Amino acid sequence: MIPALIAWHALVASAAPVLARRLGRRVFLWCALAPAVTLGWIVAVAPKVRAGDPATASIRWVPALGLELGFRMDGFGLLMAGVVAGIGLLVFAYARSYFAGHEHPKLGALGAHLVGFAGAMFGLVTADNVFALFVFWELTAVFSFLLIGFEDTKGSARGAAREALLITSLGGLALLAGLVLLTQAAGRASLAEILASPPRGGTVTAALVLVVVGAATKSAQVPFHSWLPAAMEAPTPVSAYLHSATMVKAGVYLVARFAPAYGATGVWRPLVIGIGLATMLVGGYRALRQHDLKLLLAFGTISQLGFLFVVFGAGTPTATKAGTAVLLAHALFKAALFLVTGIIDHQAHTRDIRRLDGIGRHHRLLAATGIAAAASMAGIPLSFGFVAKELALETWIDGPFAGPGNAAVLAGVVVASMLTVAYSARFVWGAFAAKGAFPGARAVGADMPAPSLAFLAPAALPAAAGVLFGLVPGRIGSLVVDAAAALGSVAAKGPAGAGLELWHGFTPALGLSALVLTGGGVLVAARRRVERLQTDAPSPVGAATGYQRSLEWLNLVADRTTAVLQNGSLPTYVAVVTITVVVVPGAVLVRHLQVPDGLVAAESWVQLAVVGLLAVAVGALVRIHRRFAAVLLVGAVGFLVAGLFVLQGGADLALTLVLIETLGIVIFVLVLRHLPERFRAPVGRGVVAARAAVAVAGGVFVTGFLLTAGAARTAAPVGEALIDQALPLGGGRNVVNVILTDFRALDTLGEISVLLVAALGIGALVTAGRGRSREEQR
Amino acid sequence: MSLALAVAAGILVSGGLYLVLQRTLTRVVLGFGLLSHGANLVLLAAGGRAGAVPLVDGRRGMADPLVQAMILTAIVITFGITAFLLALAYRSWQLTRDDQVEDDREDRRIARLATRRGRR
Amino acid sequence: MTGPSRSPILDVGSRAVFHTVLVVAVYLLCSGHNAPGGGFIAGLVAGAAFVLLDAANDFDPAARRGRLPPEVLLGAGLAVAAATGLTSLAAGATFLESDFVSLSLPGFGTVKATTALVFDVGVFLLVLGMVLAVVDRLGEEPE
Amino acid sequence: MNALLALPVGLPVAGAALALLCRRSRPAQRAISTGVLVAVTGVALVLLREVEASGPVAGQIGGLAAPLGITLVADLFSALMLVFASVTVLTVLVYAVGQRGTDVHRGVFHPVYLLLTAGVCLAVLTGDLFNLFVAVEVMLAASYVLITLGATREQVRSGMTYVVVNLLASTLLLVAIGLVYAATGTVNLADLSVKLGDVPGGLRLALALLFFVVLGVKAAIFPLFFWLPDAYPTAPTPVTAVFAGLLTKVGVYLVIRVETLLFRPAFPGPSTLILAVAAITMLVGVLGAIAQNDIKRILSFHIVSQIGYMVFGLGLFSLAGIAGAVFFVLNQIVVKTSLFLVCGLVEHATGTGSLARVSGLARRSPLLAALFLLPALSLAGVPPLGGFVPKLALVEAGFALDRWAVAAAGLLAGLLTLFSMTKIWTGAFWGNPEPAAAGERLQLPGIMVGATAVLVAATLAVGVAARPLYDLSERAAAELLRPDGYVVEVLGR
């Protein structure tokens, strides 16, 4: 069924551009059919899957490479797929209103790409074969690229699309390498099977690092995070869907899957948790500085993704359960927040907090939605975010690490959470508060038209769910527990297996929560001072600059390399070819030089004399600078070679060569009569010497190679056997002619084909300058 | 095998390469003339010692006819392509009044770009 | 216009030589299977004959009027050569396999007629066409 | 059986002769070319079925038993090459006919194009080293003529470079053949496969490297590739497309054929030299592409880069490696050709392929954009398109033999390929359409679009139907690594 659902996505996607021409923005309702059907199926199979019976499917692709479209949706996959389809449904409903007012020519493409993405994401979270997972992994990147570049006439959108694609693809390569290593170590390509009996060893460690790098780029972890804020160029429904709720979770998804199996392995926790902590802090810090609501949310997302890395990275049962809860909570509140931002942007035509003034007072429902979601993000009690965060804090209080390491992580998490509280407050304040416009900005607020209910509902729904799940975490809690159990961590449904609860009693976690809220409150209260501090603080080299620098560096390297290797000069090319031909085999040859047994100095005195003349003629030829003389000398060389042929017993050969040389001279003369009489002045002495050295090396190489090769001959050559066959089989006495017209007539057929082609080419070139050729005029 | 023949092949290849390394297309074409003679002599030498013309008339000790056939084919092919190269020289003369092989323009442009960027 | 030749002696002379050389070419073609010669050499010799004639006319295209265009020779040559190959294939033999029959001709003794000769005729035509296509074109004075 | 082997060569030659004789009638020429190429494609398919069912097939030319005469042989690799080559040649012909003006050139285009086909087919099928030289020359001679057909200044200039470098390589190939004959006294490949086994190891390795380098010029490997990016972009697009898709691949085919069939004992395991060459070729090629600002030039440099992958597979000398290389070659033929055809459409519609002057094409023709995007992503190895499978195969093969560095270079080159493809995409397909043309739909000839679409569909098919193709590639690789069947079929022992 899973492949069929993916195919259904493909079908819906391919129809979207066509339908969009008729339906306009209502095409998104058609698009919604894709996640709707998926959601229906998920609900239908949920009981079975949660009972521990995963939904599987498999299509063979290239078994020899371990490549198989193998699917296995367990409880965790179910939760993820549910998020993908559920948020997808909301986003499509929302998009219909979001694009009201401007019938964009690319709406159909947007719908198609969104549906395509939904299908790919669904495949990603249900894939079992690691290469199938990789396939969907890369597909999400491609769709993300196309979606970020929706406003392709804007340079910034194009750049952002490229940045996202390149950075995530870099990680994709690492991931692929890691997966290949892992499958080779495990001898299988099924993720579930690999993780059930995880291989160990040095190669596996390398593989894990590569997988984590892949996950980190996708989930916008430091130092790969710069693409995510840039990706806010995309339309807000896209940001809400891909860049907060689903795609950026793909890396987290991998960490979640791997952590229970590899959490205890040496490199895993320091790496994953270290990355996560840094990301949390950087994201939270940067979020506090933003004036654009969307960018604020983007950095918030980065921070939350870091949080997820930290929590899931531990790999303990509690951690996994907590991570699953945070993941779900984040999907709900972050989608809602983005959608709210989109509504403000659409209605007020700005999302700059310096201009928004008093929207909360006029649009209560909108404000309520935003506040509820932000509360969940900040982890205010009574929200689902609070429940999840409590659980996460518990992870670190119980502590998978011993001693100071644990405390350090806990401290980091607490500080980052304070930042989270602060930027959540900043969001609410910035979006809704009546604070008056900043100096120099035109305020928008009271005059903003109210959004329709259909527009608001997709945002309100997840926000409400966040509150509901917070108040009554029981039902959703069992879903989370089942999901975490599927990750293989909850061995015993003991304390860690218990459901989620709003009230745990007075636990250390509660104390920490209180600390976080207090700290966050202080940051909010002192926001002016904090802001000033941030503005004054030296800003370190950001990841965005890093990306730009790498691009510049890459272009420079490319230009330089190309300038050296591709210098466009024919003599250089010829020299390189010659040197390579001489050096590469020559290096081997010099160690094995030999001389044939039957070597004679010369066949006869005449031969020696002819060779001597030949040497003289060649020597003269290379120096001469008059064209006609040079041509005649070449002719002379030809006749001398013909002489060598005669001496060796080649009558036809000599005859042919003499005729060809004669004809050649005629052709030469016909061409040369147009050209200057002398060659251009010779170049510098160094160049001449270099050319001579290359040339001599070539000649020595050929002679040496020839002698060595001749020494190896043991068997009688084929040529001798041909002599006996000429008369009986070929019916001719001239063996050479029989070979040419009979035994090897195919060579001759090729040879005359070359002549024909050359003749046609010459004709075309020579007559090109004469307008229409005379023949055609006739 | 005859040493003289092997050396002659080497000489022709050397002379040919030297001319092919020039910028003037006429010299390049002449160079190919020498170069292909050199290649043909390699084949000829590969056929072994000298012998009688391979005409079936009861005599023994004929030269290897296969290398002769191969050389013949090679001569013709080289001739065809060399003639084509000459036609290119002719066309080049029509267009530029010379038969120098210029450098590739796009390549030079990128090379200049690289130097400029490098200096920055 | 057959074009008054620049030099009557060259004109007459070249015509005389032309026919002699053509005969030689045909002889080389026919005897090539048994003695030095063959289609290629014959083609070059015949080409030389035509080149001589054209050179005497200063490569004036008008003087060549009525002659088959070289492209036809080229095409016909290749067609003949390829056709021999395909015919042998169609006849159930291998591609380009030759066959020969011994004919007793009164006065000539036994003569072997071989399909390889047909192939060689193709070569002959093509080489002749090549020579004409190249030399005549290059010979014409460019505008 | 013999007919199946001979027809892919004989038919195009005969067709070329006919087409030349009918040079005044364009419809007749077109009918002849199309008919011949359809027939060749058909024969190739039958041959593939035959070889697939019963192993390598050999036939003698001129009725003389091997190793005396010329042998034509088809094993799986050559049969696969033949099928892909003939389909490509046929599609490009249709495209060229659709592009008015390409095939009219004084009736020259069709005969030369058919002889190019004959050369390619012969190079792939021949079992004789000298005949291989002849085949390559037929193919190259035709390419020289096609590349300079317009006789413009730029074409003449780059044509010189192209001809000179290739003629030099051809002459050296002839020398190499002479050396092999000096050492063994035979030119039959199967016979050589046996006899080179008796040649002293040092000489054998030297000969193996000589052939690697000399054929490497034709295949455009580092450092012998420079003629290619200078020459290819100047030719008319259909010509470039078929060159890009086929000619260098034939070069690679020959490298693989010669190094496995003749010199296998010279490479008992992975060859570090060849792998290093492969890695550098991959990277240098793609860096070259990054430096360019013209679509055709970018794509031309990519040809070089992709050749590196194929050499990578060969250099491993393992079943998986060579299977990957074979698959890679086949996929490249389709992908590369279709990219150039798209590029041709761009030039046809806008008059230029310079990224500085083209933009916003996706808005003016979403179809064209899709036709570009799919093969472009495939080229970069993005799954699930055809380019991904051979790349995965090669990376797996490299890791399996602990050749991390070259496998990593392969992955990196993939990323850089993607980088330069996004350069084309964001430059030409995104952005504001030029003001003059804004909003106007691109006018594209249906035949050209159709031909391109067929090839793009084929790139998709290669990815989707990767399994049968990979299985065939693997079997072809097995045959290449153990050429006993080939030798027995030719020599009868």
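Letters are used for the chains, namely A, B, C and D, taken in the order the chains are written, and counting of residues starts over at 1 for each.
Going forward, contacts are C-beta pairs under 8 Å (C-beta built on N, C-alpha and C of every residue); 3 or more make two chains touch, one makes a residue touch a chain.
Keep in mind the model is a prediction, meaning the values are calculated, not measured.
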Remotest chain, chain A as reference, centres from CA atoms: C
Chain pair with more C-beta contacts, A-C versus B-D: A-C
Intercentroid distance (Cα basis), chain D paired with chain B, Å: 25
For chain A paired with chain C, centre-to-centre distance based on mean C-alpha positions, whole Å: 62
Distance from the mean Cα position of chain D to that of chain C, given in whole angstrom: 37
Chain A and chain B, separation of their C-alpha mean positions in angstrom: 46
Numbers and ranges of chain C residues touching at least 2 other chains: 34-36, 40, 71, 74, 77-78, 81-82, 85, 95-98, 130, 134, 138, 142
Per-residue multi-chain contacts in chain B, two or more chains: 1, 13, 16, 20, 38, 40, 42, 45-47, 53, 55, 66-67, 70, 72-73, 76-77, 80-84, 87-88, 90-91, 94-95, 101, 104-107, 110, 113-114
Per-residue multi-chain contacts in chain A, two or more chains: 555, 559, 562-563, 566-568, 570, 574, 578, 651-652, 656, 660, 663, 667, 671, 674, 702, 706, 709-710, 713, 717-719, 722, 733-734, 740, 742, 744-763, 765-769, 775
Chain contact topology (line, ring, star, complete or other): complete
Sites on chain D touched by chain B in the complex: 130, 133-134, 137, 140-141, 144-145, 148, 151, 153-154, 156-161, 163-164, 167-168, 170-172, 174-175, 177-179, 181-182, 187, 230, 233, 291-292, 294, 297
Contact footprint of chain D on chain C as seen in their complex: 71-72, 74-79, 81-83, 85-86, 89, 93-98
Chain C partner contacts - residues on chain A that touch it in the complex: 651-652, 655-656, 659-660, 662-663, 666-667, 670-671, 674, 730-734, 737-738, 740-742, 745-746, 748-749, 752-753, 755-756, 758-760, 762-763, 766-767, 769-770, 774-775
Chain D partner contacts - residues on chain B that touch it in the complex: 1, 13, 16, 20, 25, 28, 32, 35-36, 38-40, 42-43, 45-47, 66-67, 70, 73-74, 77-78, 80-82, 84-85, 88, 91-92, 95-96, 101-102, 104-107, 110, 113-114
Residue numbers on chain A that touch chain B, as the complex places them: 555-556, 559-560, 562-563, 566-571, 574-575, 578, 596, 598-604, 607-608, 611, 614-615, 618-619, 621-622, 627, 630-631, 634, 637-638, 641, 644-645, 647-653, 656-657, 660, 663-664, 667-668, 671-672, 674-676, 679-680, 691-692, 694-696, 698-700, 702-703, 706-707, 709-710, 713, 717-720, 722-723, 726-727, 733-736, 739-740, 744, 747-748, 750-752, 754-755, 757-759, 761-762, 765-766, 768-769
